[in-house]
Structure formats: C-alpha cells, structure tokens
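Before we start, here is the structure in question, set down as structure tokens.
A, B and C are the chain letters, set down in written order, and residue numbers restart from 1 in every chain.
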C-alpha cells in the first residue's frame, strides 16, 4: 500500500508527459497531414519522408537526442520538457497518419456536396468534414494514446520522475523489483482503462450523431 | 432447437410416393423448419426428389431458398423436421465452426451430397487439380494416384483440361465455379446441390457454368438448384419449386409452373423477373 | 564532423549487431509462445482459454520498459539472477509472444467462413480442415503483420539501453559521454535504426503488405508497443 502511494506520486508526470506529447502531436500533425495530402508531389513526398523518418527511429533515441543534444546548447530543458518534446515529435508523425486516413475515409463527394451548397470553407470544414473525420480518427487516436502512455515510461530513462522512475528508485533501494514493477505495471493498465472507455464513449456518440 | 432424433431406418411408407426401400426417393424433406436466433424463416417445407430429377428452386430474395438448401447438408441445423436419403433418416449435427460434421453419420451423408456455392469457396492455396484431389484423399481415403487420375477426368468433364495447375486466383469466375463442380463430382455424390451458382458471374461466364450443369443433367445427375436463371428453370429443370416467405407456394412440372403459374404470388414474381 | 562520423561507425556497428541478435533471439523465443497463446485462446477449454486471453492482454498492456525491468530487476527477487543480455531477450520475447499471438488469432479468424463450409461439405474432419485448408491460408495472412512486428521489435531493442546491454543505443551513449558529441552520436544511431527499419519495410512490401507504409506494418501492432 505504501508502495502504491509512492508509485502514485509519479502519476502526475506520467499523465503530464503523455497528454503533453499528445497535445503537441495533435496540433503539429495538422499541417503535416495537410502537407501529406497536398496535390504538390514535392510537398506530399517531403511530408512522407518526414513521417517515415520520424517513425523509423525508436522513441528512446528521440528522447536522448532532444535531452542531451539540446543540452549542449544554451537551451536548457527540464527532463519533463524534453520528454514532452521528444515524444511529441514521435506523436506528430503517427497522428499525421491517423488524420490522413481519417480524411481519406471521407468520400470525395462530401467535399463536392459542401461546395455545391456554397458553404464557406470554415463551415465546410467544421460542419461537414470534421464530424465525419472525428468518428474515423478517434478510435485509432485512443489506441495511439494508450501506446503513448506506455511509451511515456521511457521518459524515466532521461530522469523524468514518472511512475517508472519512482519504481526504479524503489527497486534499486530495496531490491524488491518484482513487487514494485508489478504494481507499476498494474498502475499503467489502470490508467489506460479510462482512455479506452473514453474513446469507446466518444466514438459511439459521434457515430450516432453522424448517422442521425 | 435440437433436431429431433428418430429411429432409422424409417419403416413407415412415405406419403404420396408409396415408397418402399427399393424405390424410395433419393431425398425427402419432411416439414423442415429453420430459425435464426429464434426467428423462424422456413416454416415447415416438405419436398421429394426422385433419382435423376433436376429441380429448380426459385423465389424472391429472402424466401428461404438458401437456408433450405443448406439445411439438407446441415450447414443450417433445422429446428424441426426430418431429412431422408434413400428412405433413411439422416441424423446430422453440424457443429465445429458451424460447418464441420460432429458425427460419422453426417460425414457419410455429406460424401453423398455435393454442394456448389455462390462464392465457389475454392481453396485458394491449392491448384485446380489439388482442389479436386484433396477431399478424395483425405475424406474418401482414395490413394493419391487414383485421386489425381479422377481429378483430371473430372476437370476434363467440366471442360478445364489444361488448367490443372492454375491457382483459383488465376482463373475466371466461370472456370472457378467449374473447378468447384469438379471438386464436388469427384466425390461420387448421389445428389448435387447448387446455391445460385451463377449469381456472382458475368452473364457470359455464367453460360459456361450453366452449360456444364445442363450436361450433368443430361447425364442423369440428380440436382437441386437454387437459381435466378429463369431459362435454366424452364429448359433444364424437370420440376420447379416456387418458394416465398419461408414456404413452398407452388410446385410442379417446369413448364406448368414457369408458363402457367397458378398462384398470384408466382405470377407476380415471374412477370417481375421476366420484365427485367 | 566527417572524421567524427568515421570514428563512430566502427564503434557502433557491433552494437547494431547486438540489436539484431536480440531481435532474432526474441523472435525465436516469442513466436512459439505466440502460437501457443493463440491456439490456447482459440481452442483451449474455458479456464485455460481465459488464461491465455488474459496473458495476451497483459503482455500487450505492460510498457516494454517495465517488462524489461520486471525480468532484470524482478526475477532476482525470486532468486533468478541473469545478465542483461538474456534478460532483454526474455523480456522482448515475452512481448513478442503476446503481440504475435494477437496476430495469429486475427489471421486465423480472417480465413472466410466459406472455407470451413467447403471443408464441411466435403466431409473433411476438423483437424484435416484445420491443417490442410485453414492454417495454410492463415499463415499467408499472418506474414506481413509479423514482419511489421519484427520491425517494431527491432526498434524496441533500444529499450535494452536502459539495462546497459551493449546494443546500438548504449554504444552511442557511451561514445558520446566521452566525446560529448551527443547530437552527432544519437543522430547517427537514429539513422542506423532508420536504415534497418526501411530495409524491413522494403521486405514488408515485397511480401505483399497491402498498404504501403509503416502504418500498415503496424496495423496489428499498436504504436508504442
């Protein structure tokens, strides 16, 4: 029980890093996905290279690169900031692909219909395209968020004080690794359940809204 | 939901046919009912098929034709009724994966009854020849050489000499369906069931398959064919059974049902499909 | 800079070799485990079936790093002490078992019901249907996602850096901590991971991955595995 309290003190950083990176990725992925869908071959190829390049490198490399390489400059990052940025970069590439397949899933006719109705771009985007894309995008986004939650454990490697970091320190001090890391594993699984539930809930709500 | 189990063989004479063991119809369905999740879609259908007969089963979509046909092989388990082959009741119980026979009696029955599906269901990882060989060896227990020779013969029979080593994906739909027919014929069935064998084919490819079936019919094969091909029903079938809403509405000689239907339901259906 | 790179490459290559070794060894350990878990979760009797499903979910639900720590720091608590290298192989092998089990199950389910019906009407037995018709098709379906997992696994070997297995990432870190060329060392290591990943993707496309990007390779493998 004491152990659980100890590990729980890392929940803040774990969730902070996860959702920080998710937010960063969700925002930066918008222009990247747009570029990827661009009709200019050069632009879409550049986006593709960027996406595959980011994903072809393990997240831990991004974390170390951001933390130590930027550490060489005057820009001094905290371990938390470096983790959010490092995993944010990785997220950008994955989420861009999720957005893209979301947009691809919308029949071209929907865009044309919106044009034919003379809808202004803003309305077209937010009233027609976004709700449809959301239904396609939210389930894989949630799956990704759960993966990201697990990947956030990597932040402990550069010293961010998340669940894994606390567990690691406890295990080093008391040589009770089995107990500690089993509790840590349980904590991660428990944290992922609400994300999955949220996804299912919003997913089904949006589907109904669009179907109606 | 359990299929009622009666004693076999059945010693009561079959009504309407005056059957004894020697002249029993090859297939007899008695009051077959089929339900899906408690919802009945076939409401007690009886049907008799004599040896050598070709029967076309027609009717609107959702009438229960496929369900009835599939129940003969226990791909659908009837909720009530009896299925008799040569006067012997079949005690079927399909189970594993909804398709594999759980008892020996059904396996034996299925070797006697060939089935051809709308979607062919060929084995995509095997060549045409291997498709026809597989069950001969592993279900009938024929030796390999005999099975291969027989497979070549059946492929020739359906006009596919020279295509033995092709994989299904490299064959046209018409060729695939004919491979499926050869696969069924190689089992020496007493009766062949066809469920809309040409519905997923372009018309010109459907013709290849229909010609093959015509040939089988002329060779005396007993066939029960669910079809939307009115010409086949008219020209090839001996008897036509018209089903609607899970029941047989009308049946009789092909000419009578196709040209002078008695029921309003059949009249409407036939003029609708002909009008297309 | 060129000299620095030239100095690094020979130092890093053996590390890449160990990364590949860990990848292959984890597959050797994990694939049979995955097949067993898949068979168990498909066919076993109830209690065993649920155990297998539970193990698969557990293996997929735990962060890779925690799995690694569980084996390396956890097993000693039970008196099982091992070196970092075998510990990393066991941890990644267990993860491979869980993730590939899911792939095998999906492959098995992807064989159309019509194939079972064809077997049934030809009166093939259950095991013969499985062995002669269903499994050969399932294996074909399963190859592209397995290659996808292998790519993920290769990337995941970088976790072993955390317990100082002398693989690519550790070499890069150790080198940089002496020369302070962090940016260069990590970039070079990243490019080496990328190169192998792209090679894997090329293979993935050749064996007929349907959609042509890493996202397809990862369909059966959620991000962050």
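Methods note: a contact is a pair of C-beta atoms (placed from the backbone, for glycine too) under 8 Å apart; a residue touches a chain by one contact, two chains touch by 3 or more.
Because the structure is a prediction, the values reported are computed rather than measured.
Put simply, the chain closest to the centre of the protein, by Cα centroids, is C. The chain pair with the larger count of C-beta pairs in contact, out of B-C and A-C, is A-C.
Per-chain Cα centroids separate chain A from chain B by 54 Å. Inter-chain spacing, taken between the CA centroids of chain B and chain C, is 47 Å. If each chain is reduced to the centroid of its CA atoms, chain A and chain C end up 21 Å from each other.
Taken together, the chain C residues at the contact with chain B in this complex read 112-126, 128-129, 132-133, 136-137, 140.
Those residues of chain B that touch chain C in the complex are listed here as 73, 75, 94, 96-101, 106-108, 110-111, 113-115, 117, 119, 121-125, 134-135, 138-139, 183-184, 187.
Chain C makes touch with chain A in their complex at residues 58, 61-67, 69-70, 72-78, 155-156, 158-159, 161-162, 169, 173, 176, 180, 182-183, 186-187, 189-191, 193-194, 197-198, 201, 213-215, 222-225. By the touch criterion given at the top, residues 48, 52-53, 55-62, 64-65, 68-69, 71-72, 94, 97, 101, 143-144, 146-154, 156-157, 164, 167-168, 171-172, 175-182, 184-185, 188-189, 192 of chain A touch chain C in their complex.
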